[in-house]
């Protein structure tokens, strides 16, 4: 473990060891794929990581929050990865596992919540669950929500994605027996404060049975839902 | 207008002029009773103000946020005032006006919201409106809310009082044609942050038609509802 | 209800059902036009929704928060829509209803509040109310406000739009008998915190009779005002 | 539906209908017991509700956040209820169901988190799960946490309760395959800001698989964990 | 400067040197009296400091935020001090200086703001200014404010004290040529957030000419006003 | 006062009456120049206002927060205006009044605070005061501050501009007899939170004699300082 | 590892294993004494822990945040513990180690900061350092601070404790070569927001060399200072 | 000290004296190099400062937060400066001092934290310490952290850099005897609130021995670490 010096530092961001300590053991230890959070990494760093992953085709790796530049860097190295530009997610190898376990239903309150909802759905899908997506059933027109009651009740876990008032998860939790994973989004303006409003709403949901994840964290929601519905 | 000095200052809190500039003209100017906000005033100050009001029996005065000590001070001077300890509200003279205008329906999400809901209802009543009160119809059991749809739709204005997730006003606004006045309450704990959570929820309600007042401000809500439903 | 799979997901954002559940019933149920919030939707999604709406000319639809790109997408499909670029609002069909009900007066504190004030005025207009607009009467020169007292008192509802200190609604509420709908704006800097300061000011207005909507929410304010002044 | 008047209002808080709309249907609809949140209700109101519940012995009812005065009011009416003063929880009838489903392990970071942890454990127990409790394994001495790895991995769901830095759930989530329900507590001082610090930590946990509930919400955590581990 | 040890520490709070480094030089250096902030000091500590001050009768000392217990401790040592219980302020020696400089007018929005307004007025008085106090002229009844225009314009500096919406300083600043010192108070509830709302309002006042001090800081406001109006 | 209609609305932003109600009376009423806050107004609106002002050369008008585009619009109409790009301020007519009153010293903590400091200095200058500017004397090197003690003490009012920790005003206030106007700036990062940190520091300054203005509000600070130092 | 049941739960808070997992190994692992944070633990729980500790006299244990009731519980079991009521700290065995390493100087801005300063000093003392305490040298009278420059420069680490504006650590850091540990306190009111203001000030200190600990965390500061000055 | 006038102001940003008061004495007084914070300064201002520094080659100067434009301005004047674009740091003269004192180990939780970690490492290096860098050992895979225990224990001070949950410093502090300097980063999204979340986590770290610096303040962390490990 030699001490670095100023010259050595110049090279410090070039190799995989200099920028990341990948947790290849995670699939074995926790039973789930590795994920690479691309935001905050440079396209170059993302490319280096993708190259390292190219030699581990035995389990699926997800790349999340990959904007156009970062997606291009990944596809350069892994051209056959599945790429969903709405969800800003890539998966490699592209083929999701055969679905097993209970169904994950992802419901979102409005059209603007779709990117997060799709990220959640795809994540659950690549963790091996059957999934369904319901769009635009916010509580301003509660009949739209109630019309989906049977579908919601058929789920082993419901992921509910909502911005603005974030009231939908509490409503759904009052209708179903299964756990609800709530995802606040940054959709909205003004007193939505970047998602703080729906986040607080969900944490204070009157109906029990709601677990909340970070604002816009579709990946985390889909992952948690897949764990909840895993085959036993 | 002589300048005060230190000795004169000693007497400065004893007379009505030293502590308040009552707006007796308000009933004429705006058409609504005067109100005295008792919190933050000492029982002695409240008593002095009540004494001043005793000589103006021609229009109703409301005393809001009157805890036990302040209510006692008022009742000493105005023993025949109407006193509602739950709402911490007193009215003098005690007789409300003959109801006119459209009906104000006050609905609250939970039992703990009752004090604020009652303050709203009584205020609207003393401003001359017919009123109705619905208790405990939070969205965790949405069938309870929907069961009241006809009653809610019969109102000229619905006041909706809710703490915690504060989701009820948005739900109600999606069901009725009349305006909704939303009152967040400080009911809840943790991430309710003293009413901040329901306040934000209500400001971000997806359904248009919601006007929000301050946390726990039943008086303001009842007042606004009475203005909305005033006879034309 | 077949389960989706990764291939099907690729098509998930293309049709109207995949991105929105329009509430065509709303006009019948609540008596007001449908509105489409364009921010957060892609121009493509907005175009798909506009196409769907093109087959429902029987009631007015409003498109709010439509920037240049989204407005262009709408005008491609609905070229005869009314478009107000300042308010970022489009209406289709373009002709507002014959005015009925009481007058809605919209007053704003400064020139920078105009976009929000216009959104409020246009919304009330398309919901069928007669409207008036007063510009630049902030409390720093209170004589400008007082000079408008008669006009303000003639309203069935006053919408007051203000940023920075947000003091105008409280002042107006003390002058008029009608309800005041207060709209904080994000105009200002520093300790205005994106509209938080005027929002708090309005929620704490000393004069009763003020209902507050979200920061910059001209649409919601105009809608609420139109409901308050609806013909009875 | 007669309109109320001032006289009628005087009686408005005396009967069950005036203070609550109980959701006896909930057990059938969602499969879980009814719960009464006692904080914010007066002891008298709690007693009225307990009396109403006394005639529904067919399913368990939980009373949460019952301090000494409220617990006494309940025990007056339901003297054979189970009462846990640390968790401020009562259950009636006292006998929990025969355990079924997967094990819920509740782990707390410090001794001061015990009341919340116990509320979580008891709730899961009364919803029919086998439960285990681990105390005082915060990350300041990570060997204490790691020593419990096998027990944590045996759970169908781990509830992790922590105040201050709230780092424990993220650590546990990295060790186990099962979902983690994270409960921030108000334990701490200064920049813990009443539980805001651990709440944010948990929402930002680097390891996926964490669902967060409100600060100090042991009841909600136990409920969610019981749903996750329900027999299929 | 010997190092302390555990035994010595036992005595560390007993003498004046162990608890305070009084700035007797301040009067000479800045031209204003020394002030002792009593809140957060124990009555014993306050008594020790008062004893020390008893030997410096050559300039006035103010004791601020002195509740009943701390006032009693001071009066034990300095029985002839001037004590204003409303303002929680004591002055010793009791005689204020002969007034010189311009007049400081202190105006407060409501009765509940009186303690802070009085603290400001007394401070200015003991720093040698002529003072006047105006009570209860909040903007909800703007005619009450305007009726005082002449008096406000006669001041060399106006101190304006207001809680809740905190709109009064901005209104006054638009009426007068002199500087305005604005003092937000913690009067209010809910979204007043302990004085945060009026603080932000005042910082965002549209009219220039407003300098803001801390919430409830009547002492600081009176001090600043006295500096502004000092004789030249 | 005819009611507007949709067609009329199309023209509503074109004339001066439609966008602003200028307060030409202000110079007479308060004795200070009119100021136009340009941020949030479109370049077109700024040009319309400048044209209106072109017919009032009898008193100085200041244009604040004028970025390049808005400055160009003003200079088109008022080509001989004084323009300071660092301070983003224009003045017309360009000639400041002959200095009178006491000296305003503007001191800033760091180089990055210069734009705000210059805005303050120029404003005071155009309100007729002699001014001086001191740059870069933050408390990290307190000897730099102390070296300026004599200059600071010569001022009738010191404006102190600082970002990051915002500690300089409190230090200066302890050194001088004159009032200090404190201006927090948005200079800094992270926990400076856009100027919140220095704002709070200044509001809590231990030394009395500090009046605080909004973050980055050099105009307000210069204005207040000019009022404080006005000739009597 | 048998599963608990409702009956077993009744006993769950009685033994040491049920309430705490003491880290006796810590002294060996990190070289510092164990500490018990008493706030949030019941006096009974504190007594149980003290009893457990009574059998480990080989290394010092600190009890922090012990109010009167908790201190009494400890002294019942460990009557010869050292007890400092100002700092709310107890140490057992009472004898601190022989001082070694560099001197820790603890300086506090005001008298009200003494409890936190003493907690810091005592902690460093019981971790084996020589210590010194300086009281009341806030920046409002900077000459008081500068007068202590030599003493401050003699330290191996300076702990600076301050509330309100929290400016002292930044000033001290600019004077000395040694690291500064900054402790914000909750001393103050209004916009001090319970210590948030000085916390932000310290985090934004312009002078490098400042490490910040939690509000009122004298224990943490003393501990960190003792680590910094440990003998090498 | 002549008073400025409007014409003179035009030149006020051109010379070194007009924009900065460099603290060349600092190296002598505190023993550490001068640093220039480039963000918020224009490239022109940075160039002027660099030119001034060019005549002081006797001690190292660091330029921090230098983006591309500012780095170019510096390199124009000081072409042989060391430039690290990842850390946005330049040093001139380029040669760091011969390492002395204890080793500073810098560890970061994730790849995205690298720029801050590198800034810390380089700063410590240029202050004369031997340094080491460890990348990507966040607590989600705690075995990665524990695998580095020996290296961490070999440090005289550990700088730990982390965004999101910010849990790593608390974990490390529990493993080592040396002080930990914790740096929260703005890496993350949603409820990370720009680094607020990890900042609060670190301030509430359960393990003592953690000193926190501002969000993203790698420079401050490296500086503090170098002071802690300075040769004695």
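Chains: A, B, C, D, E, F, G and H, in written order; residue numbering restarts at 1 for each.
Following the convention adopted for this analysis, a contact is a pair of C-beta atoms (placed from the backbone, for glycine too) under 8 Å apart; a residue touches a chain by one contact, two chains touch by 3 or more.
Please read all numbers here as calculations on a predicted model, not as lab measurements.
Q: In terms of CA centroid distance, which chain is the most far removed from chain A?
A: Chain centre farthest from chain A's centre: E.
Q: How far is the middle of chain B from the middle of chain E, if each middle is the mean of its Cα atoms, in Å?
A: Centre separation, chain B to chain E: 33 Å.
Q: Centroid from C-alpha atoms only, then distance chain G to chain H, rounded to Å. What do you get?
A: Taking the mean C-alpha position of each chain, the two centres sit 28 Å apart.
Q: Can you check how far apart chain C and chain G are, centre to centre, with Cα atoms defining each centre and the answer in Å?
A: Those two chain centres are 55 Å apart.
Q: What is the distance, in whole Å, between the centres of chain C and chain H, each centre taken as the mean of its C-alpha atoms?
A: 47
Q: Quick check: what residues of chain H touch more than one other chain, meaning two or more?
A: 110, 140-141, 174-175, 190-192, 196, 199, 203-204, 214-215
Q: Pairs of chains that touch, anyone?
A: Chain-chain contacts present: A-B, A-C, A-D, A-H, B-C, B-D, B-E, C-E, C-F, D-G, D-H, E-F, E-G, F-G, F-H, G-H.
Q: Spell out the residues on chain G that touch chain D in their complex, using ranges where they run on.
A: Residues 1, 3-6, 9-10, 12-13, 17-21, 23, 25-26, 37, 39-41, 45, 49, 65, 184, 186, 194-196, 199, 214-217 of chain G touch chain D in their complex.
Q: Mind listing the chain F positions that touch chain G in their complex?
A: 109-110, 138-142, 146, 164-167, 170-171, 173-175, 188, 190-193, 196-198, 200-207
Q: Report the residues of chain G in contact with chain H in the complex, numbered from low to high.
A: 29-32, 35, 102, 156, 174-179, 181, 199, 203-204, 208-215, 219-220, 223-224, 227-228, 230, 232
Q: Spell out the residues on chain B that touch chain D in their complex, using ranges where they run on.
A: Touch residues, chain B against chain D: 82, 84, 86, 94-96, 99, 103, 110-112, 114, 118, 121-122, 125, 130-133, 135-137, 140-141, 143-144, 151, 163, 187, 189-192.
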